[in-house]
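Below, subunit A partners subunit B and then partners subunit C, in two separate complexes.
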Partner chain A sequence: MDFPQFDILAVSSALLLVTTFGVVVRQGFLDWLSAYRYQAIALSAVTAIIAYVTGIWEIYIAAALTLAIKAIIIPKVLTFVTQKIKLEVKIEENPYVSLRLSVLISAVLVALSYFLVLEIPIKSDPVVAAYLPLSISLFLIGLFIMVIRRMALNQVVGLLIIENGLFLFATALTHGTSLIIEIGIFVDILVGVIISAILLVRISHTFDTLDIGKLESLKDS
Partner chain B sequence: MIESLASISAGTEANSGSILLVSLLLTPIVSGFLVTILRRKRAIELVTVFSACLVLVQASALIVEIINEKSVSAFDGKPLYADAFSAVILLPIAGVGFVSSIYSVSYMSRQYDDGIVDDKHIVRYYQGFNAFLFTMLLVPVANNTGVMWVAIEATTLVSVLLIMLYVKENAIEAAWKYLMVATVGLAFALFGTVLFYYAAINSGAGGLSSSEQGMNWTDMLAGAKLLDPNLVKLAFIFLLVGYGTKAGLAPMHTWLPDAHSEAPTPVSALLSGVLLNCSIYAIIRFHIISTNAIGSAFSNQLLIILGVVSVGIAAASIYFQKDMKRMLAYSSVEHMGIISLAIGFGGFYGIYGAILHIINHAIAKPLMFFASGNISQRYSTKAMSEIRGIIRTMPVTGALFLIGGLAIVGMPPFNIFTSEFLVLSSGFASNQFLASGLVILFLVVIFASFMRHLVRMVFGNPKVEMKQDDMGKLAIIPMLILAAMTIILGFFIPQGLQTLAEDAMEMLK
Partner chain C sequence: MALEPVFGIADWVIGIFQTLAIIVLAPLMTGVMRKVKASSQKRVGSSIFQPYYDLLKLMRKDEVISDQSSWIFRFTPWVVFAATATAALFIPAFVSFTPFSIAGDLLLVVGLFGLARFFTMLAGLDVASAFGGLGSSREMMMSALIEPALFITIFAISLTYGGTNVSTIVSSAVDATIASSAGIITPTLIFASISFFIVLMAETGRIPFDNPATHLELTMVHEAMVLEYSGRSLALLEWAQSIKMAILLTLLVNIFAPWGIVSAGQPQQLGSAILIAPLILAGKMLIVAILIAHIETRIAKWRLFRIPDLLAMAMSSSMIGVIFFYL
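After this line comes the complex of A and B, so read on.
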């Protein structure tokens, strides 16, 4: 049964990467959120696969929580906020790095993370080999998105992708830290998203834009 | 579980510590609930001050217990655990929490009278205040490094909510930057924590197979010798960047001046005096494990570099500063840098200096923030060029502001002089001449520019004619307490602190 298992790992990794690139290539606010939702569903599937391979039941709970919180609640909250914001333009018009170039750079980041994993002194097994580089790619792409995009909403999505990468990293490498801590992290994320949702509404009210480049009143001198 | 409950109810001498640990955490939670139920301004002020006072009493009892017993823990598997380093952080949390709660009453009442905040804001403020206190108290007593991370992330969220209390443009911008930068920083810290955990469960140390234990700091320390050195190095770098961001160490400090200057003043005092220390505490925890695993050279060097950079950047920023609260915020970057340096220099005087400096800074900085809060409310501005002659318009506040300022720049006979002296002498003792020399140079720059700003604000003639008014007793009492402490600790250091430093030194061997 070893061979088909490995196949599932490869296919699911590819799926997760494709959904991540969905956020990189898209411009519209709602498009990001739907791409993020697909990513969360893929992540939940990947988590369930890890649970199946390792046979640890607690990871199934983590997979279910991922599905409930990241694939359903968080996109709902952010979609609601996006619809509530009264802005005429709800797309990223000119990011700091063009979309084409950012896809290219993201691809380089993925390749880079496969090399990076070779440098980390770890015991390799099929799960680690398949998902660890992937988790680092998510982390790096999330950071990259936060840096190159102007819109506040996209920074939140970037942050959530970073967090997904971290979650996958922890689950693949250590087969999940204890459940209580994972629930704590989930709660932190959920509260964080709600707070940033409130802030998004306030930013759009006060500044009439979600462009972070326009938030520059606080400076020295 | 039943066993541990039974052992608590037995109430023997050894268990009073564990009861204290639990009740210490429960106090702000209960108080938060009471605030939510009561909702009347007068009542929730009383509840919050009372609970902060209760926290201070319990924390003091706990610290005495730690001084006697070296460490205190509760329940099986030690989910709650406190030792010398926890005590050093608990003291400022409880102390500043208490004075800050008193100051809140006066500060928020004035904002209320001015119509800047309404009843709903007041309830939200005190809920946030209690929640903030709870999350900060959880950091030093959580043994599990994962729980510690969750608690530190929670402090970010709660303090963002407190900054968002005002719907001003600046406050929104500050809250957004703070939320984004601190959360990304903490993502790095979680990465490092997971790597440490991985190193711990794969080290082959017996009995670490269960996940709860592998993440416990005490168990990580016990098996530190077996950790993979390369993993430890990698993990420590991530942790230092992550928690360093939250601690305001340069060059990851960019969020700090914004957040600290835009928060309500009592919250600024907590952010500066206490919250930064909580992240420094997290760094210290992993520094101890790293020191035990691979020797002190690696982490010491990193801490020294970050420390020197922080002091240097703070010096440049204070020199050019125009905003009073931002100047104080940069001064926090400076002092966090000094603490990081002190830990990096190591040796008994380095650690002793770090411990004293954490406490001294937590006394002097809130004093400065409280005074600046009164001043900015009185003058309706934070621009230092507009503030003149404080000593004439508000004699008591002006005098206390001056005392705090002299203490903060490290003038004798105030408390910070002692700890800075210890830190620098430990630097020379450990042959770090370049770092110590640079820091002395930066400290001179900070001294000169800080004093220039301070003297101009305190003396001279007010630009507009104003009556003498010190904004009421409740605004003055917290400052008097803190000012008295800066002077007392300048002359006399309690024996208990030295015992704590000795215990702390034990862990770093």
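After this line comes the complex of A and C, so read on.
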């Protein structure tokens, strides 16, 4: 019997998936924010592994930027901007799909993306083979989370997971786009998050709720 | 994996010794976990030998049995204890094989636990007290969800190590660590270990699922079923519960962290390693016990209807483990 070999690419992608599931199962705003912080740390570790395997030093900078912006700045900014929103609208109490079902569906999405990539007849290097299906599954999970959440504030996490998936996709497939583009993307996501958070604060002031189901109904006064 | 240990007298002695060690030392482990939990809650806590004192005291006490109860009620503690002690036969503790494993595998261990649980549930219903029925119905709901998660986890483990036999699994795991010391860190096993840990907490009724120390009627699950027991029967049930905890913890550390177990593949080290291996095992189990105690301190018991969420996590985690194996 041949024993399984220690494969840093597979193990790191497994750890990133574990942290992603940590985000999926958290319902409160501050809970998923801390889980997202761990996911960002795992993503930065994965990026550093890509840099180590390919030997391109610029990717190390991208990893450091990931750690700084996604693990520290974005959570801090989000906490600061949304501290005026009432606590009870921050918790996802009644999502469209229940928590246990969403965990199982996320697992199915992971399986789906891995089998999809197996169907693509490309010859590729081990980095792409390990991280391409992972980035697709992050993308699908983010999309799914965005669809099933009822509170608009908690839909931001879907956007953030999708962004992580896209970042991983680009880094794994192209071995690092040019650094200036990376920095541009980071600033873009930061500004996007800030703008969406401010918009949500406005919505919560105007409508007194963040439940997107209730936003559709006309306000009578 | 051609591992065919020749079962001489020494192997049988070691096998019986391992089983006896699990059965005898299980209450001590429960005591250690209580002590760690107490100290992480800034309490002094009772002595680590307290479970033994409890057992001795209960053994000497008179039993009160409801005259409305049937033979099932009297029969259950013995069935539960016998099933759990039999399951301990199949567990390799500090030597990577056990001679009894020719008779059964991991599925049999799960089956024996299932038998014990089935009789506990029957006994809860038998005396027709309100709490017993309530505990039984909760336990049925939980076990119906635990078992699929556990089976997918076992599936993932046995795919990796080539067989459901516990001896084969642990021997392969040890050989893998000898081949390369990081050899057992694979995605499949990472996901399987997460799932197995959640299942362990659920099976032994630790805090997110059930509070083992509670006597608050509305929250108890296992305690509600055994509420009517006293004296020797209660002692047997509590001892069986400790043994179950010890078995699952031993399985956890031996499958997912098999460093330092004596392997049949290296007979020249057998003499010295057999003295150190129990200490290493005790150290590893102590680490896991501290982890569990801290988890129990940090989180509150979950609402009963949120428990399926946690078990769904276990199930999906082991599912992803199986997916990773087939890539």
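Here is the rule we use: the second predicted complex is superposed on the first by the 200 of 221 C-alpha atoms of A that agree within 3 Å, B and C clash if a C-alpha of one lies under 4 Å from a C-alpha of the other, contacts with A are read in each partner's own complex, and residues count from 1 in each chain.
In the analysis below, a residue touches a chain if its C-beta (ideal position, glycine included) is under 8 Å from a C-beta of that chain, and two chains touch if they have at least 3 such contacts.
The shown structure was predicted, so the numbers you read here are calculated from the model rather than taken from an experiment.
Trainee: With the two complexes overlaid on their shared chain, look at subunit A and say whether subunit B and subunit C clash or fit.
Mentor: With subunit A as the common anchor, subunit B and subunit C both fit in the superposed model.
Trainee: A:I85 in the overlay: touching subunit B, subunit C, both, or neither? Say first, second, both or neither.
Mentor: Once the two structures are laid over each other on A, A:I85 reaches no partner at all.
Trainee: Please indicate which partner A:I181 is in contact with in the superposed arrangement: first for subunit B, second for subunit C, both, or neither.
Mentor: It touches subunit B, and subunit C stays clear.
Trainee: Figure out whether A:L159 sits in contact with subunit B (first) or subunit C (second), or with both, or with neither.
Mentor: It touches subunit B, and subunit C stays clear.
Trainee: Just checking: does A:S13 make contact with subunit B only, subunit C only, both, or neither of them? Give me first, second, both or neither.
Mentor: Only subunit C; A:S13 stays clear of subunit B.
Trainee: Using C-alpha centres in the superposed arrangement, which angle lies between subunit B and subunit C as seen from subunit A, in steps of 10 degrees?
Mentor: 160
Trainee: Based on the superposed arrangement, let me know which partner A:K123 touches: subunit B (first), subunit C (second), both, or neither?
Mentor: The first partner, subunit B, only.
Trainee: More subunit A residues touched by subunit B or by subunit C?
Mentor: Partner touching more subunit A residues in the overlay: B.
Trainee: In the superposed arrangement, does A:R202 touch subunit B (first), subunit C (second), both or neither?
Mentor: A:R202 sits against subunit B, while subunit C stays out of touch.
Trainee: First (subunit B), second (subunit C), both or neither: which does A:F139 touch?
Mentor: The answer is first: A:F139 touches subunit B but not subunit C.
Trainee: Across all Cα pairs of subunit B and subunit C, what is the smallest distance in the superposition, given in whole Å?
Mentor: Nearest C-alpha pair, subunit B versus subunit C: 23 Å apart.
Trainee: Does any part of subunit A touch subunit B in one structure and subunit C in the other, and if so which residues?
Mentor: Common to the two interfaces on subunit A: nothing.
Trainee: Would you mind writing out the residues of subunit C in touch with subunit A in their complex?
Mentor: 1, 160, 162, 172, 175-176, 179-180, 182-188, 190-191, 194, 308-309, 311-313, 315-317, 319-320, 323-324, 327
Trainee: So in the complex, which bits of subunit B are touching subunit A?
Mentor: Going through subunit B, the ones touching subunit A are 144, 146-147, 149-150, 153-154, 157, 160-161, 164, 167, 169-170, 172-177, 179-180, 183-184, 187, 190-191, 194, 197-198, 201-202, 211-212, 215, 228, 230-231, 234, 257-258, 261-262, 317, 320-323, 326.
Trainee: Where on subunit A does subunit C make contact in their complex?
Mentor: 1, 3-7, 10-11, 13-15, 17-18, 21, 25, 99-101, 103-104, 106-107, 110-111, 114, 118
Trainee: Which residues, counting only subunit A, touch subunit B once they are in their complex?
Mentor: 120-123, 139, 143, 146, 152, 155, 159, 162-163, 166, 169-170, 173-174, 176-178, 180-181, 184-185, 187-188, 191-192, 195-196, 198-199, 202-203, 206-207, 212, 215, 217-218, 220-221
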